[in-house]
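Order as written gives the chain letters A, B, C and D; numbering starts at 1 within each chain.
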Amino acid sequence: MDKRMTAAEVVAQLRDGMTLGIGGWGPRRKPMALVREILRSDLRDLTVVAYGGADVGMLCAAGKVKKVVFAFVSLDFIPLEPYFRQARQSGAIEVMEVDEGMMLLGLRAAAWGLPFIPTQVGLGTDIIAHNPDLKVIDSPYDDKEWVAMPALRLDASLIHVDRADARGVCQIAGPDHYMDDWFARAAQQTFVSCDELVETSYFHNPEQARLVHWERSDTTGVVHIPGGAHPSSCNPLYGFDVPHFKAYTASAKDGGIDAYLQQYLGASEEEYQQNVGGLDAIRAIELPTY
Amino acid sequence: MDKRMTAAEVVAQLRDGMTLGIGGWGPRRKPMALVREILRSDLRDLTVVAYGGADVGMLCAAGKVKKVVFAFVSLDFIPLEPYFRQARQSGAIEVMEVDEGMMLLGLRAAAWGLPFIPTQVGLGTDIIAHNPDLKVIDSPYDDKEWVAMPALRLDASLIHVDRADARGVCQIAGPDHYMDDWFARAAQQTFVSCDELVETSYFHNPEQARLVHWERSDTTGVVHIPGGAHPSSCNPLYGFDVPHFKAYTASAKDGGIDAYLQQYLGASEEEYQQNVGGLDAIRAIELPTY
Amino acid sequence: MNTAATEYSLAELCIVACAEAFRGDGEVLATGIGVIPRLAASLAMKTFEPDLMMTDSEAWMLSEPNPLGRRSADHVPARETWMGFSRIFDNVWSGKRHAMLGPTQIDRFGQSNTSALGGTYRQPKVMMLGARGFPGNSISHPNSFFVPAHNNRVFMEGECDFVSSIGYNPARLPKGHSLDDIDIRRVITDLCVMDFGGPGHQIRLLSLHPGVTVEQVQENTGYPVHVPNAVPTTPAPTTEQLSIIAALDPHNQRAHQIKDNPSGVRPSGVRPSGVRPPGGAG
Amino acid sequence: MNTAATEYSLAELCIVACAEAFRGDGEVLATGIGVIPRLAASLAMKTFEPDLMMTDSEAWMLSEPNPLGRRSADHVPARETWMGFSRIFDNVWSGKRHAMLGPTQIDRFGQSNTSALGGTYRQPKVMMLGARGFPGNSISHPNSFFVPAHNNRVFMEGECDFVSSIGYNPARLPKGHSLDDIDIRRVITDLCVMDFGGPGHQIRLLSLHPGVTVEQVQENTGYPVHVPNAVPTTPAPTTEQLSIIAALDPHNQRAHQIKDNPSGVRPSGVRPSGVRPPGGAG
């Protein structure tokens, strides 16, 4: 089966009101090219589930988002994502704020077909007080109360990987695949952008196959977009673009998202990459030191 | 911290009536040297949780076991573990029979400090009917009933690994670590036997560190026993000992466990290895073809 | 190449009939436990279901099925994904799997038993494999059964001594579930091919192997089999299929799966009273 | 080597005071978020708590802490275990961790806020980081707080605008839990060291930094601080500790953590009214 498709074909599969999972973490390995294609579309009323960065900020600022399920939205070196902050402070979006680990449990519950996974995480905090949908239950085995973290079932997930084959075998060779395997497993459909498209034989080496974190049956479509994570990082291929994130953050104070999109988005990923200096410049961005 | 100890020191840490997790799978990478040391001790009334092979059979036959929590006990190429079969058919042991995946959920629940994880697995089967301790619960999010797989909390786990350092960093470089990471995490104390004892610097190479499946804080003690998995396999170092397992199985019909132990166990692992042909012979056993 | 073979073993007929169980599955993990189910899944993947997924029965997903038994030193398994046992359950619970297994008992509800026979649960007369993954498989994804010796000890009267896998038994239906959630796809034996598509999920005869009669099937089944008006003969393997099977099984392990390795074309009424080897479940 | 230094910055004093929070922890993951907590955990691991575990803040557990900032090309991180973010939670939920973080608000119960200030939850006046891992950390394992600018906006009156982490608040105690299950180990600020060991888990003064008075601490804390009869002065760093800190922080990032990087030895009554940088929580 050949799962290759274009970013436009991915967005054509999405519907208003869908619950969308987005892989990556803060400014790290975000499927930004697919997010940009959503920004070019008339898609709206999305519920976004993510360990959020500029992906969430841009979608909120562009009016694509009805609700965000989040534990944080951050650019790391710029702790507060500027447009998510604006969206919250203007009351423009609904939120379900959870703990980072609760989100992981919710994705696992969805992946495993469970209604919920019990946890003590959230007890005693406003996570529970402000989330009437989060039920607190008793256990048949003890006298404590437990948060029943509900399955976070996703209509679709968007993920960026280092490399994939046309059949949907995806490899994340960077040091951390974050929760991307669970985003892939929790979703009805998973669309992946990849920096490199390879032959299946690339994975026959067990050291390569070890870095394939979910089965191809959990990949719906593959879009070959070198540099597609920019301005986020795709370690080890390239780091995140600090000057770009600074300009993005500055735009929130001066000009807003329209000015930012006007300057960078373009009508296609090719135009976007021209606007940010080209693929070679992206691939030349050094990795962050933590 | 130097966690090195002897097999005898490991067994001295165990107590009658404890719940013991044993890593590996059927005839694969079982901590047999540690099991043999239990056979040499007066330890008894154990509850054993395992994806069982000869480890479970020997402990049952030697009268060490009060209860077995199992989904199967098998030598793979000899499907029915002979001594476990005898123990069941003589009514000598209590059992909690679960599905392979339910056991995994129970270990994860214990590792994560949860009372249970809900699952549909077991519904409609005698797994539920014969396990009054397995509660079936309602979900606050749907109208279905769910099995509340209880945490399988272990007093101690025994695991055999390819290599470890003295601080308890353990590596399983074979193709599958089975559920050993969850046995390590679900236990109060985890005692590991290793084929090779290495310096910590061995793991500085990320390709080596990738194959370390739990943190050293989950390893209580490390016993250096080359060949310690025999007669089970420690892929890629050596396969399982087919002739030995055949002789072991034959002993169940003729002579019983006493004859088997008389012939092989010895007063120490050194004696045992002499009785089975020595370490070189163990290391020379070819890997199975599946 | 697609001409029907005139000479083939009953094992080869069963492999082809078992392979048919996977038709239309698309991209799911095909797990065949035992030589004939494994060859069947491999044959399906090599021919009409190329998107099937398969493991090396150890720790890796393969793009190409491995041949059975010892492989030449220069054989490179076509690994594509790490698939250790812990990850198998991520797949099982996703439902994207179709397993074919050989239980010791199959009752009229399609409930199966791999655990124990007779006696009490505390002290069974015969201890077998244990439930293994049967409870989870049966409620999570489609499953098929292969029975190398069709008799009324396997297809027994009454209910399984121990119910290891859920079937179409209204008395055991979990709250909030429907019998139609359960998917026992196909039952292949040395006599015939069946499913549970009869009235009220009754077991139903789909095809008879050459030379086998409806009476033989019913005599060897401990409960009534629904027999449609027209029951076709199980299609013979094609010469192409036989050559693919031979390549997948270079050591001819298939010759040892059914007692006396009879021909697939049998004089009417005759059948080997094969005893199925223990185990093979998974 | 163990002689007390006479010249050291307030940041260095805080690093040493923060390191003391990890004393006695044994083999747990020490997570210090922000420059001063990270240097503190590293100092503890390099000196009196060698069994502590530490990550590279990315995806690996290290046998030796990494120095902060850009490292020379020939630096080989002492990796020992893969520790991606998903695995961090296996560790968090095991309780074998001690995190040191800098929340925006800390109320009299030790509840903290990293999420939002003012307004309504649907429309906060100031959106901050979000709850991150605070809820799970606070109920799973010991936690300490570092506050670079001790004032009564951080240590505020009343209850946190949003309670991101559980504290010693009887009104929010979950069924089946005890206040003693909660372990807020240490609170280190630019003025003093505190814990919640006062009567009824009241915040308690443990030591005053050189030149700081009890009155200063109380004036800058929005609720009563329990003051024992004798309050020692926070011990000065030793020359050995200063050299280890210098090696761990070759680019002197510590000089930029407290406003104007004041000396640790201050003329009585004077204190920088530092404003804590946003973020740094985690």
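The rule is simple: a contact is a pair of C-beta atoms (placed from the backbone, for glycine too) under 8 Å apart; a residue touches a chain by one contact, two chains touch by 3 or more.
What you are looking at is a predicted structure, and each value in this text was computed from that prediction instead of being measured.
Following the contact convention of this document, A is the list of chains adjacent to both chain B and chain D. Once the centre of each chain is set as its mean CA position, chain A and chain B turn out to be 39 Å apart. Centroids built from CA atoms put chain D at 60 Å from chain C. The distance from the centre of chain B to the centre of chain C, each centre being the mean of the chain's C-alpha atoms, comes to 30 Å.
Counting partner chains per residue, chain D has residues 60, 93, 140 touching two or more of them. Contacts with at least two other chains are made by residues 112-113, 120, 142, 144, 175, 206, 210 of chain B.
The chain pairs satisfying the stated touch condition come to A-B, A-C, A-D, B-C, B-D.
Residues 112-120, 135, 137, 139-142, 144, 146, 148, 150-151, 175, 206-207, 210 of chain A are the ones that touch chain B when the two sit in their complex.
Residues of chain A that touch chain C in their complex: 1, 111-113, 165, 167, 169, 185, 200-201, 203-206, 209-210, 212, 214-218.
Put simply, chain D touches chain B in their complex at residues 27-29, 50-51, 53, 60-61, 63, 76-83, 90-91, 93-96, 140. Residues 25, 70-74, 79-80, 84-85, 88-91, 94, 97-102, 104, 120-127, 129-130, 142-145, 175-179, 181-182, 289-290 of chain B are the ones touching chain C in the complex. By the touch rule above, chain C contacts chain B in their complex via residues 56-60, 69-71, 84-86, 89, 92-93, 111, 115-116, 119-136, 138-140, 162-167, 169, 172-177, 278-281.
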